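What follows is a pair of complexes built around subunit A, which joins subunit B in one and subunit C in the other.
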Partner chain A sequence: MKQALIIALFAAFTALLPLFIGEENPYIIGIMISVLMMAALSSAWNIIGGFAGQFSFGHAAYFGAGAYTTLILIYSFELNPLIGAAAGMVVAALIALITGSIVFGLRGHYFALASIAVAEIIRLSVLNFEFTGGAQGILLANVTLWGLDLNSKTPFYYGMLLLLVVTLTVTEYLRKSKTGYYLQAIREDQDAASSLGINLALYKNRALLISALLTSVAGSLYALYIRFIDTSAVLDLRLSIEIILTAIIGGVGTLWGPVLGALLLVPLAEALRSNMIGDALVKLGLVSETSSVGIFLNDNLAHAHVLVYGIITVLCILYLPKGILGLFRRVK
Partner chain B sequence: MSEPILKINKVSKHFGGNIAVSDVTFAVEKNRIFGLIGPNGAGKTTLFNCMTGFVPITSGEVIFNNRKINNLRPDAVCRIGMVRTWQRVKPLSSLSVLDNVMVGAFAITGSAGAARKIAVEKLAQVGLADYSAKLAGSLSIGLKKKLELARVLATRPEMLLLDEICGGLNHTETASILQLIRDVREEGTTILFIEHDMKAVTSICERIVVLNSGVKLAEGTPAEITSNPEVIAAYLGGGFDA
Partner chain C sequence: MLFLQALVSGILSGGVYALAGIGMSLVFGVMNISNFAHGDLMMLGMYLAYFAFTLLHIDPYLALLLIIPVSFLFGFILEKVFIHRVIDHPHQNQILLTIGLGLIMSNTALLAFTSDPKILTTTYSSSAINTASGLSISVPLLLSFVITSVITAVLYLFLAKSSTGMALRATSQNREAAQLMGINVAKMSAIAFGIGTALAATAGALIAPTYYIHPLAGHSFLLKSFTICVLGGLGSVVGAGVGGIIIGVVESMAATYISTDWKDVVVFVLFLTVLLFRPQGLFGKKGGQ
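What follows is the complex of A and B.
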């Protein structure tokens, strides 16, 4: 009950934010959409990775399934984007259930390995098929839905927010239900779980399916938002890793950890990419723009966000194994 | 003689060329406390693993309530009413004590409220009520064993397989666990009990099977077992006085 209230307050607060930032600040709104998307993706991953403890390294496959299915159906058949998104969910569900039903019968790290393999197979297939646009990707000039202005960022801000709120609500519902207890039991000890009557494969499949469906919706929204997709944007292993790191840094297996991780990492990555940090150092007079350090930072910092993610992850694993959210938890 | 609830019929388990359990046969009557003893490596835990679906049986059959259950998965074995504990306790460490027992209770209910109610009841029964909010991983070994017991009891088992539930406990803890087991039997549960502690076994079991190197060595009442020269030679080393 308490968490449901916090989710509602979070939703209301976040829904009102654009009113204060305004349409004239599309750059900020754009970053906020990225934050919401990464929060939703990481929260969705958290259901299978955090609660069930089954690390998927291939969530880009479900994201890509949503993105590609949606755009292909609009591009080739001029279908309604909502039908595209629904079809994307079906494709993601099929990928999840086929992978899960093969791999969840096995013990050990097979799922983690298989998730990478499946995602790479899909990426390479999409790269080489013609109907997927191959290496060129798919570019969509115009999309319409119910007279909404899909050239504006606002619908996607609220779309991503809605998806995040749904994902958090599903997580909270699961956490309090038999399924959530069973997923956590599986994470903690599979032998103990199965000796207590838990059908391991069934519950893992269920968690993966829910996670995949939510992830594919994020992919559909992203595709409609950017209207240009290729494999490096929506099917890359890097995306899968970013989703995981966001959850780990925020706090795996907690409701708000992935949101916190996204709030921290996405703006940080953006600041690095746009050289904001280098510029700030120059402005503060700490580094001269023409000095060798200044030139080095200017040339290299923009490419460093993955490195910075890596460093933060190592620090988190060493000092905050329960993520940033773990800092605020009392130790029982 | 009442109806047997569990029949072990010529069960063998080979790991490659290593014969862990060989042609073992015995039956457990309903509502008994039945002991399974033997020196280290006798095959007791392997037999438990075979009975509960954790390892496939090489040959023979396990019959529970007149149903052959050789090929059932562990979770299905639990759902038909036979539940085991683990010699090396397996707490769900980062969950609370209450949540651990709720996981057990979900075997018989789909509702979190009902599961919580059963869990509170079972925690009180084993004397862990004060520890409900603690993390399971933070308990001492004695309390972890009690937690294992509460967790399996929450599944309302017809038959309990206890694997060295008293191992590593002091006298007071052992006595309180043994009393719990007696109480559980009074409620109608059949108990199969693996134990090293001879005093515990002979004080609580009505019938005992002795395994040695995977073979059944003897079966009988505690008095018969403790006076059986073969058992004394194999297991007790001749120095035991009951």
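What follows is the complex of A and C.
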């Protein structure tokens, strides 16, 4: 009950934020949409990765399933975006069930490896097929839904927020349900869980399915928001790793860890990408813009955000394996 | 004829895959760690060969005499500084740590060497031997296959006969028991990771004359190495050797009879098929772990 109240307060607060920032700041709203999306993605991943302890390294496949199915149906058949999103969920569910049925009988390293293999098969197939736009991707001029203008950012801000709130609510509900207890039992000790009569494959599949459906909705929203997708944007292994990393940094297996992780990582990546850090060093007079160091920073820092992700991952695993929220809970 | 050509090319390129796969399998066997930085270590080997060639004017195959000890040392240090700290952690932490290290390596390479692909052109890079029966055998592929075979044989003898090799195998079979028998398992882990790194870098150097050298070139080899390990049975060195040849042939056949675009897909489908029907691999002993 307490958590439900906090989720409601969080939703109300976040829903009011754009009123203070205003439409004249589309850049800030854009970053906030990215934060909400990564928080939703990472929370959805947390259901299978955090609570069931099955680390999926291929969640980009579900995101891409939502994104590609939605845009292909609009582009080729001019269907309503909602039908596209629903179809995306069906595709994601199929991928999840196929992956699950292959690997959930196995343990340890296998699920991680197989999830990557499935995601790579999908990425390469999308790249090689023609109806998916191949290497060029799909570009959509504009999208309308019931006369609503989908060119502004505001509907997507609230769409992503709604998805995040739903994901958090589902997570909290699951955590307190029988399924949630079974999942945590599986995470802690598979053999013990199995010997108590818990059907391992059934519950793992259930968790993966829920996680995949939520991830595919995020993919659909993203595709409608950006209106351009290609395999490197929505199906890349890098995206899967970013989703995991966000959860790890905030705290795997906690309700708010992924949200915290997204709040930290997305603005950091944005600051690196737009070279804010290099500019700040110049403005502070620490580095001269025309010096060789300044030119190097200017040319390269924008590409360095993945390097920073790598360094954060290593430091986090070595010194903070339970994430930032893990610091505050000694007894689990 | 087409079939024979695809078979020969497959076996020859499979030799290099086998080397990469053996390196990963050894690390997996001794340390029980899936090394996700393996592909990036291969990429470093490619760049080492490239710079040995352009700066020091050493032939990439001769440069192996330099690359092998340097990369062994690099792997040994990597294990001592980072990997050994997660050896008792859950496997997902190990995977994430090696992914992080891989990201650091590939993106440092991206910053240092830019994303422009480099090409290492030796005098024999595109030369081929044409047999009387019409087969065309690429000289660099043939050379690398011969070198691979020699290295594999030496490694096999080392593991089978030397006392360090036996200690490595004992650690691989049962870490606790090996420790009780007085084997320094921490040292064995570092040696195994060093050998794994050296094999990855060697494989990278061997393909350098026939591939685009690029900071992200290792990624496709990472998944291929995993496929080889699973096919041969995780931890089985002989299995990985045979697995490498099989993957080389499957890939070459897929490229010949389906299309080059789909050859990686065929390899991954094979990977899932093995997981589904024979998860212990073709030569694995332990099932389902």
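Assorted remarks:
Keep this in mind: the second predicted complex is superposed on the first by the 329 of 332 C-alpha atoms of A that agree within 3 Å, B and C clash if a C-alpha of one lies under 4 Å from a C-alpha of the other, contacts with A are read in each partner's own complex, and residues count from 1 in each chain.
The criterion applied here is as follows: a residue touches a chain if its C-beta (ideal position, glycine included) is under 8 Å from a C-beta of that chain, and two chains touch if they have at least 3 such contacts.
This structure is a prediction, so every number in the text was calculated from the model and none was measured.
Superposition model on subunit A: subunit B and subunit C are shown accommodated side by side without a clash. Put simply, more of the residues of subunit A are touched by C, taking subunit B and subunit C as the two choices.
Touch criterion met: A:Lys178 reaches subunit B, while subunit C stays clear of it.
Here the vertex is the CA centre of subunit A, and the angle it makes with the centres of subunit B and subunit C is 70 degrees, a multiple of 10. In the superposition on chain A, no contact is made by A:Val90 with either subunit B or subunit C. Contacts of A:Ala4 after superposition: neither subunit B nor subunit C is touched.
Within the superposed three-chain model, A:Ala12 lies out of touch with both subunit B and subunit C [touch as defined at top]. By the touch criterion defined above, A:Ile198 lies against subunit B but remains apart from subunit C after alignment on the C-alpha atoms of chain A.
For the overlaid pair of complexes, the smallest distance between C-alpha atoms of subunit B and those of subunit C rounds to 10 Å.
The touching residues of subunit A, when paired with subunit B in their complex, are 176-178, 181-182, 184-185, 188-189, 191-200, 332. Interface residues of subunit B, counted against subunit A in their complex, comprise 52, 54, 73-76, 78-79, 83-84, 86, 90-96, 99, 102-104, 106-107, 110-112, 115, 133-135, 138, 151-152, 155. Across the interface of their complex, subunit A is touched by residues 34, 82, 85-86, 89-93, 95-97, 99-104, 107-108, 110-111, 219, 223, 226-227, 230, 234, 261-262, 264-265, 268-269, 271-272, 275-276, 279, 288-289 of subunit C.
Those residues of subunit A lying in contact with subunit C across their complex are 49, 53, 55, 57, 102-103, 105-110, 112-114, 116-118, 120-121, 124-125, 127-128, 237, 241, 244-245, 248, 300, 303-304, 306-307, 309-314, 317-318, 321.
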